[in-house]
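Okay, so chain A shows up in both of these, paired with chain B first and chain C after.
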Partner chain A sequence: MKTGSITTTSSMSKSISRKRSFNFSSLTIIFITFALFAILSFTSDTFLTQRNIYSILYGVSFQFIAIIGFTFLMIMGEIDLSVGSVYAFSGMFMGYLMVRLNTPLLPAMGISLLACGLMGLFTGFIIVRFKLNSMMVTIATMTLIRGLASNFVNGMYGATYPPEMRHLSKVEVGGFYLTIIVMIVLVVVFEILLKRSAVFKRLYFVGENRQTARIYGIKSDRIKMTMFAISALCAAIGGILISARVTYADASLGLGLEFQLLTAAVLGGASLYGGKGSILGSCIGLIFLATILNGMVIFNIEPLLQQLIIGVILIVSVFIDTRLNKVN
Partner chain B sequence: MIYKVEGLAKKNALNPIGFELREGEVIGFFGLEGSGLITVSQMIYGLEGKDTGEITFKDEKLTKLSPPELMKKKILYLNNNRKKAGLLMDSGTADNMMMPKMDDLSTLTILRRNAIADYTEKYINLFSIVISNIFDKPKNLSGGNQQKLMISMCIGTNPELMIVNEPTRGIDVGAKSEIHKFILGAAEHGTGFIIFSSDLPELMGLCDRIYIMKNKSIVGELDGDQINEETVFALAAGSTS
Partner chain C sequence: MNTKLSIQNMNQKISGIFRKNEAVSVTLSVLLFIFIILATPYALDPANIDALQTAVAPYGIISVGMMVLLISGVFDLSVGSAMCLGGLVAAICLTIGATPGIAIIAGILAGMITGLINGLIVEVAKVNALIATIGTMYIARGISEIVLVGRGQAGYTNFPESFNHIGRGQFLNVYFMFWIMVALVIIFQLILKYTKFGRQLFFIGGNYNAAKQLGINARRIRIIAFIISGTLAAVAGILVTARAGIANRYTGVGANMAVIIACIIGGGSLIGGQGSIIGAIAGMIFMTLVSNAFNLFTIPPQWQDILIGIILLIVITVDGYISLSKQKKLGKF
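What follows is the complex of A and B.
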């Protein structure tokens, strides 16, 4: 080696520990969710039934797909508030193609996914190219895409989607809904990849300090653009499946989803300041929110109050996030 | 010469400058605040855009000035501000070490944990960085150890040219002399150094040649025994030049 001359200053090699300190960021939310489960199980007979838990997981499994890309962006210190609109748009567009233009299932799905992916890529491009704030840009695209989706709601005149599309959300493997199985598999896969893959490690590096990552050759702009496309794609896949479940173009679909995902991700250890987060944490965050809503239904609490509770949880989690993670 | 810059300029930021680095040489840039020192270092590493200018490295024109492209050519950059851009203060030391070298330390993008630990340990020992665990966070290290870690991150990639900004600002005397000793040693083994510093004694101790900057221009070039404090300060601060 060329630069061996310094060895003279320290030929003695000390032993340095390689033990990883126990750092499981999702632990808090897992604990809180378990506590919530325990409370609900003791206070209600209907909560801890196989059917109820299964239906919570099934409900979460759609939003889960959307939160994957959303979490990647949060790790990078960016945010995509257009997820809820894309979630609504993708299924409605696909359904519209099938119902009004008689497009077969797979091409319709492909066109819809492609359209959403391109919209995400475009969003990412203008954010990167003009150095714009992702929150502001995605508020704009949220409105824009919601507008496009509303056109499909009108164009469908309340018609239901074709049976083969509706079937998508009901695919079962070994007696379980496929979406739930996919969720469990992806949580495990991403828990490993986010820690051990160079591709995902870069997300954390860029999220923690973009300038530093840049000096050492990480192409943060390109990664960011790709991640906006992936975020839109994840929301689109989740959206197609939830549309299939809802069976018709519902104008309120995905309304406020971005704030639910944001709350869930922050509860699961992600930070608005970037550099943190995991898919497992975000998934548990979603389960936590779904469980709270489920509990409120069991106890017949006003639906209006549900919004209020979600809002309060968001404020609390943002408060904790700022206290924990804001630099200076 | 191995590295040559010609006509590098940017409106309102840098008047046209040119300089060169010969084989195995350590050259320095000295200037007071506002002289354009940092601008030059950032521009030649592609961190700041330029209007005009040609850079040649080992008989090859560098067309794409961006960190990933320059790193491929074994040109590395040491920033003057560890916290702002230099180290990931909240990630482990091993994460920092592997960052410039992730492709070499992974198989099919999966990071090789043992290789990373060995690699990190090697440089911790080489620079006698005081640390108890390779996953300790840099924010808990002393300034001198942080600086040594940052240099290790660059050296680990076997650079042929290093653009160095304030290599020893705000660190203890021991670490300072270790870093100086290291730079001289590496230069002897063929690594080129361009050092930007506001610490004149440091530059005098390390450099074969010094360029002096003032008002966004190079106002002088001093060679070997011509270098003395009066001459340098006269150029850097004087009203006539």
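What follows is the complex of A and C.
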């Protein structure tokens, strides 16, 4: 991934890894995931069946929509810990509107998405306006939005969502679930956009060095605000679909999602310091995490070991990445 | 011109208050406490006072360690898992027949090791603190779950009375765990104010590279800070285990966020270099009082999250506004 001459002119750049001509980390996770797939397919008859792979992809496709905006923010060197709460809030709000206030499907969805987008925009605004640490602000909004979502959990009294909303997660096109098709299309689109489009390349510039980006005429504040709104919108769309799949307002929905997404994005080559990351990498990161869980279920390993293994993989992969960047 | 001056004056006054990091959280806690006492007769009920003490103490103890870390510019998301692990290790030792003393030492050791590992990953392997402690959060939680395999929902129970006494016993009508918290607050506040180690913590948090160039062993000091945080989390876990008489997988779930939020309300910052132990405790007391008030007035608990979120937003934004106007005055922007 070439980012032009901006970094070479700046001695302040945090990362000196840009000289490589491709995204090494993204390849690493693809390789590891392939290895995992190979091992699982050789050792188990049930893994490499169409149904199993299909169910892994279907499960991942909801979180994938949420990770798009999250990855954009990470590329810019920001983080949004409120994704899990927005993920829970959007579907519950929409369901609440439909069940309790008899709002039709599309207006309910529109209102819910609008609310989430505005919350994201507001978060972005105070972060940009007061130059705040995005982690601190989004810890606050995470708590706040989770509280709002819990209100809807209580307001629903355990009622299931209406059939037309539940149907959303089951829409099929040509025999495949729409969410999976959307996932594959978006990966390809964003992979091309992030590499080729001038608009999206700015995300990397801002993430690498905001001062230099500003000198080069990039309005980083405006981009950042937009991206916070987009991140909330992505989480909201994913949340509406997962709510449709879960069929009722589950209080534990999206709990800890921010850490899962962070783990997946970092495994996929994103960095907390910004300037790195790709949608493809994040997507493969999610698939990798889901495959580990799947493999453990197949082999009847205590699913509890999953957390331990994910923790170790996370630390080791970031450690290796840090080392490699240092050497370069 | 005049109005501009007076606005500047006011700004200075506000920032003067805010420079005392603990002022906001202490004021909030005191006001809320007075309000609760005036508003309901149950507030000073012995049962409620008991509940308050035992709710504040464990998380308060953890927030002491967290504030030490925050001041030095890092933080620890694995405290909840370390808390769970510490309690579990003590419980296992008791179950296989160790004396309470040995069990407690083993539990604390588990926390120390968690902290040491965190410190080594962050400072020696140079992995970002957020990633590293999310990793150890998963790992420690995973180890706790593995240890609990085949134990059912309740986990480990039936501890000797002498162990349970640590969590249930009182001195001068105040729980031991509350005394421990008070002692830790005083000790660490003094350490921060009057020792070289304390001042170095602030320095490292303020400017890591400058501190290093001045010959401060930043790496060692941060590792020590991580060990302190892990140890205190384990202490809290042991106290909670002794109080409840149960060590199970639900100990410390959500503790990491609660503690970090308390520390930020108490004047800490994820960027480092600011904060005080008294502020952290006041922040924790405030959060506990909020949830207590919601219980006493039977308001649905989800409003508590909303209120804390809003207060946190306000505290962060006001703090950011003040530091921004300070920097503007210095001509940085």
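Here, the second predicted complex is superposed on the first by the 291 of 328 C-alpha atoms of A that agree within 3 Å, B and C clash if a C-alpha of one lies under 4 Å from a C-alpha of the other, contacts with A are read in each partner's own complex, and residues count from 1 in each chain.
The rule we apply is simple: a contact is a pair of C-beta atoms (placed from the backbone, for glycine too) under 8 Å apart; a residue touches a chain by one contact, two chains touch by 3 or more.
Computed from a predicted model, the values in this text were never measured in an experiment.
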Considering only the touch criterion stated at the top, classify A:45 as touching first (chain B), second (chain C), both, or neither. neither
Which of chain B and chain C A:215 touches, first, second, both or neither: first
Does the superposition put A:205 against chain B (first), chain C (second), both, or neither? first
Which holds for A:197: it touches chain B only (first), chain C only (second), both, or neither? first
In the complex with chain B, residue positions of chain A that touch it: 1-7, 9-10, 13-14, 16-21, 196-199, 201-202, 204-205, 208-209, 211-219, 275
Of all residues in chain A, those that touch chain C in their complex: 79, 126, 130-133, 135-137, 139-148, 150-151, 153-154, 259, 262-263, 266, 272-273, 302, 304-312, 314-315, 318-319, 322, 326
In the complex of these two chains, what residues of chain B are touching chain A? 45, 47, 67-68, 71, 77, 79, 84-91, 95, 99-100, 102-103, 105-106, 109-111, 113, 117, 121, 124-128, 131-135, 153, 155, 158, 178, 181-182, 185-186, 188-191
Show me the residue ranges of chain C that touch chain A in the complex, using the header's touch definition. 121, 125-128, 130-132, 134-139, 141-143, 145-146, 149, 257, 260-261, 264, 269-271, 300-310, 312-313, 316-317, 320-321, 324
